[in-house]
Amino acid sequence: MKFLGLVIAFITGVFLVYAAVDFPDWADPESPASTHVSPHFIEKTMEETSVPNIVTAVLADYRTFDTMFEATVIFSAAVVCFFVLRTFLKKEEREERLYRHVLTGVTIRVKEGGRIPPSDDFERIDDSWIPHDLIIKTICRLMVPFIQIFALYVVAHGHHSPGGGFQGGVILGASVIVLAMSHDLRTTLQRMREKVVGILCAVGVLLYAGTGALCLLLGMNFLDYSALAPILGVGPVTARSHGILIVEIGVAIAVMTAMVWIYNNVSSRGNYNEGL
Amino acid sequence: MSTQYPALVVVVPLLSAFLISAAGWANKRLCFPIAVVALAISTYSCFGLLVRVLNEGVVVYRWAGWDPPWGIAYYVDHLNALVLTVVAVVSLINLVATKKSIDEEFPDKLGPFYSLYVLMVTGCLGIVATGDAFNLYVLLEISALTGYGLLAMGSKGRAPLSTLNYLYMGTIGACFYLLGIGYLYIVTGSLNMVDIAGILPSLYQSKAVMAAFIICMVGVWLKMALFPLHAWLPNAYTYAPSAASSLIAPLATKVMIYVMIRLILTVFTPEFAFTTLSVSNAVVWLAVIAIVVGAVLALQERSLKKMLTYVIVAEVGYMVGGAWLGNSAGMTGAILHIVNDALMTLCVFLAVGNIVYKAKGHCFEDLQGLFRKMPFTMGGFVIGALSIIGVPPTCGFFSKWYLISGAIKAGQYHFMAALLFSSLVCVVLFFRIIEIGYYEPFSEEHGHGHGHHQEPSMEEAPLSMVVPLLIVAAGLVVVGLYTGDIVEHIIRFAIPKGLA
Amino acid sequence: METVVSIKPLLAVLVSLLVTPILASSRAPNVREMWTFVAAGVKFLLVLSMLPVILNGTQIVYTVAEVIPGAAIKFKVDSFGMLFALVSSSLWIVTSVYSIGYMRGLKEHSQTRYFCFFAFALSATIGVAFAGNLLTMYLFYEMLSLATYPLVTHHQDHEARSSGRKYLLYIVGTSIGLVLPAMLICYDLAGTLEFGTQGFLAGTGASKSLMAVLLVLLIFGFAKAAIMPFHSWLPAAMVAPTPVSALLHAVAVVKVGVFSVVRVITEVFGTDLLFSLNFSPIILFFASATILVGSLIALSQDNLKRLLAFSTIAQLSYIVLGVGLLSPLGMTGGMLHIAMHAFGKITLFFCAGAIFVATGKKNISEMIGIGRRMPVTMGAFFIASLSITGVPPGGGFISKWYLVLGALQAHQVAVLVVLLVSSFLNACYFLPIVYKAFFCPPKEVMFKGGFQEAPLFCVVPLVITAVISIILLLFPQPFLQLATMTVQGLM
Amino acid sequence: MTDFAQLVVAKYNYWIYITLMMIGLYAIISKNNLVKKILGMNIFQTAIILFYVSIGAKKGATIPILEHGHGPAHGAGSHVVHAADYMNPLPHVLMLTAIVVGVATLGVALALALKVYRHYHTLEEDEILAQIRKK
């Protein structure tokens, strides 16, 4: 197999090198890629969409149809992870469980059919439980709000600087994952329930596709944001800019929740215990 | 509304996927109706679109209102419209037919299942409809990712493993396609298929274009499981849940064949593919080998489902070979076979689904006496089998007819021989199954003189599974009888005039 | 030639299909069998209603679907197709009666399935008879192969399984492996598959060697004609219940094969083309060899049904031989032999079945003296074997007479010899059976008990067919007229 | 010789991506460990992303964000924009999509690998195959 791999990789490489000779040089301003379609984007974006960040404009307006499916890809990845990994333990109540008394650090074992301790002072733990490091815990908790504010900035400022829904969404998701890693999965799940994650993920993409459908219902083509002009009370060009913002928000929600969802399932192998 | 048909075809299932996923958390019983309604609307739109294309010719839909090549546009012509309709119909029928088995297999994951199902269909529909090379890649990945999810939920252990292998291969295939598109982009500066086709003729001698073509083709062959790149397919389909395999087996490979034909016909033009590059003969030989190997490997299998997956490998050879014969009869055969093979694969896989549902297995031993127990299911299976063998008036015969007559016209007699060989092997394959199902496990003292023995009672699958199967089976014959119309009014227009 | 468009041929094909669901759903045997009769009767009447039109020299055509340009699914009723349809649809009625007697007499299992596929097989047979082009003929030919599989393997035991395999291997294997490519090459050459009295291959300008290959592929490809070496499915298929053997393997299936071969000779190639290419000897050689070898093997058989099977193989080649002579009288004789042999052979099979039902005997050596117990059956057997041998008062005399005349007309002395030798052989294997049955003292105890025939349902049909065999000698119309009309059209 | 050297230097981006891609392809085919294969797959994808992004480069151009676009005062079209001044935005857009696809694939692949591990308690392919054969 090793030899076969070498041969295939080598043949592919030689073939690609052979073809690459015909390519334009690196960063050649006269290359077809730089002269055929892209100049239109660079020169017309501002007047057609009033978004200075051309990448955002192309991403969320000219090629917004692609981007909608991009968001869908991440959504489907999250759903697949959930679908493949998640195990619903119906018999959980009948299994042995461990509880830890937070104040004293005493751990008790509840045997099959036993009752859960009534007090709030007990927290559920796994048998592989390791005490959390206080410093990491505290610092992470402190960082989370800042991370999230930055993420919102990235989402909102995507029109003018590098950023947008995907980037902002990933940062938002990271904030939650940081929490999950520094504490444990159960803590995060208490703040952001599985159901909420699942529904928000769908809602995020739905916001995107729904905007498109709204344009369609308003009589224009799917995702043609200029149809939103009468609703938003602005001109068609500005409406495009606003439309981009709406879908970016949708993307941000979807990406954040998808990241969290994937993390939840993969880190706990689908049984939603402590996680990593 | 009719101007929005191209949008509705894709968008309605897409939206419904999110709704289903959200609804799955609230009330699981909502998922199925939403999916059915969405796919029904999509199917209706496909038919509407087909009618429009028949009346008006190519339908262009500009997404977000931008003109191509800057925005993304759909160019729906006869070829797209036909395949779209087939994809939509197949997925709708399969959805209805497999409800019971889905309910049984994933009682607590209905939401994600239907969501993925509908997304998979959306991906396939999008691939077929789109006129943008990069958009095709994204949709390819959607249908692939959701497909992995659906396939992985079959038998424990084997299913995830073989799906993971499929994932490696599928990702490489998609990446190759992406790379090929990158090559095209670097020499043309465009991603729009029609635009690229307009620029390419002056570049036919470029090595980059040749490389782009070959890389795209290799990618697509990987995804359609053309021999020798087929290794992922049999296991992935065999160990999958029935509902998933009966959706993916008819659609995934066929959609990729559509992509190949689209690349040849629209993006690179047949002239380039068949004349400038002199690889047609080699590809036809490859197809011949694929057919023979698929057939022979199918003979070795002792599991019905796995046997059928090797038949798919052989069928891929049919279509690839037909398309690469380089004449209009072969191309007609390949396109017609996309339609027919999708339907007949659906038919046999639905039958297998019913058998698995009742007999709890798909090995040969599980099939004994099935004609008595499940006469309607087996009836449907037999019709599907006859179509795969190529017995008139089922549709499989007519596509084979065009393929063979294309082979004769092109002088590629080895392709004709391979087709006949695989037909004969299919006779053996399917009659072996039929024989096992026909003869009862108890064989002594049977026959005359014992007329009043207790006949085992019928244990047919539920009506909601049998009726769709029979509809598909009847559809095989109906499509067969309407072959003339399909070729005359649709496929003829899908083939460029230049093709002899 | 004048043509009329009418849906009747399609109806005639479909009428037995239409009762199939009723057969399948019905659990009451009487209702089921009533439907069989209704279907058989309606089918016969439909065929009969087209007879006057055909006798007027008109053709009936009906196109179902234009599936491939130049090769539609199309029905064409001409005199030759009519001849065959008339034979098979009329014999279905008789066989239905016989089936009831036989199947009930033996308390067979799965009778519903049996009647269902029987109807299905008849549909396909009529479809072949009325096929307007090679594609349609192929379609119904395949349909017949598949419909008869459950009938052949009715007993569902090991013997049935291996015979069924052999049956399918030969029949489906040849049709896909030989006929299909030949048909496609024809289509590629001519651009059409329409039957025409001149043959659609005439004027395509294909080389002689290609034509020879096509001829061989098509003649052997329709392996139901059982031309050697593609004959051994036929004895194997005798494991089927006797009514199946009777109708399907003496009338429908094998005659469909021969019919197809005749169509190939007359309307795919055309007599003129074959004559100019001088291909007649090829056909004559294979046919003669089959006749002689088949008859010789029949001589050595002890199992009555197997004997009849080999006799059938030989007799089928008479038809091919007659048409292969390419002389008007020979062709008339060959076509007429379809009808004459059908009535004779079905009687023989009925007799074999009746003997089996009444006594459980299958072998000739066990039938010594059986004439005392079953005189009616054996009487019919005698008449039918005379007909097959070609001796009056059997109707087979006429067709053999024409064949002999045709051989003389074509100056084929060798063929004449073959015909005479084989007639002698026919007599050799049939007459001893009759002689021993009536004139030798019975060895078996059960034959001494006096007159005891099979059930009435079994005996009446065989008497009817035997009587018809005699009547056909005196009044060979309309078969003779149809055959001569066909030949006139071709020449 | 100098021509050749020039060729090599002028198209260096392609050589890098091809090398990366060969590494990825080799890993995917040859590695025995399922997760290593996933890594190979990712390297493969990254190579292609690199290739695309390098297409977008343009000598003497800046990032594709219009300099004069900030603030509503300038409004649309107040400055003439020259295509030569900005890099090609399209490959970036495309690769944003491809990256997301890559991440999604990675997530699914890991989920599947986990599931395989849960069943076979190993990720070495030959050991898994041995287990399957044993049954």
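Letters A, B, C and D name the chains as they come in the text, with residue numbers starting at 1 for each one.
What we mean here is this: a residue touches a chain if its C-beta (ideal position, glycine included) is under 8 Å from a C-beta of that chain, and two chains touch if they have at least 3 such contacts.
Everything numeric in this text was worked out from a predicted model, so none of it was measured.
The interface with the greater number of C-beta contacts, when A-D is set against B-C, is A-D. Spacing of chain A relative to chain D, judged by their CA centroids, is 18 angstrom.
Rounded to whole angstrom, the centroid-to-centroid distance between chain B and chain C, based on C-alpha atoms, equals 43 Å. Taking the mean of the C-alpha atoms as each chain's centre, chain A and chain B sit 32 Å apart. The centroid of the Cα atoms in chain C and the matching centroid in chain D are 71 Å apart. Annotation for chain B: residues touching 2 or more other chains are 134, 138, 141, 145, 148-149, 152, 160, 185-186, 191. Residues of chain A found to touch two or more other chains are 16, 20-21, 23, 31, 33-34, 37-38, 41, 63, 66, 70, 73, 76-77, 80, 84.
Looking at which chains touch one another, you get A-B, A-D, B-C, B-D. For chain A in complex with chain B, the residues that touch the partner chain are 15-16, 18-24, 31-38, 40-41, 61-66, 68-70, 72-73, 75-77, 79-80, 82-84, 86, 88, 195, 198-199, 201-203, 205-206, 209-210, 212-213, 216, 220-226. Taken in their complex, chain C has these residues touching chain B: 64-69, 72-73, 106-109, 135, 138-139, 142-143, 146, 150, 153-158, 160-161, 164-165, 168, 172-173, 176-177, 180-181, 184-185, 187-188, 241. Residues of chain B touching chain A in their complex: 4, 7, 11, 14-15, 17-19, 21-22, 24-25, 61-66, 69-72, 108-109, 111-113, 115-116, 119, 122, 126, 132, 134-135, 138-139, 141-142, 145-146, 148-149, 152-153, 160, 183, 185-191, 195, 199, 206-208, 210-212, 214.
The touching residues of chain B, when paired with chain C in their complex, are 386, 389-393, 398, 401-402, 404-405, 408-409, 416, 420, 423-424, 427, 431, 435, 438-440, 443, 446-453, 455, 480-485, 487-488. Listing the residues of chain A that touch chain D in their complex gives 1-2, 4-6, 8-10, 12-13, 16-17, 20-21, 23, 25-29, 31, 33-34, 37-39, 41-43, 45-47, 50-55, 58-59, 63, 66-67, 70, 73-74, 76-78, 80-81, 84-85, 160-162, 166, 237, 262, 265-266, 269-270.
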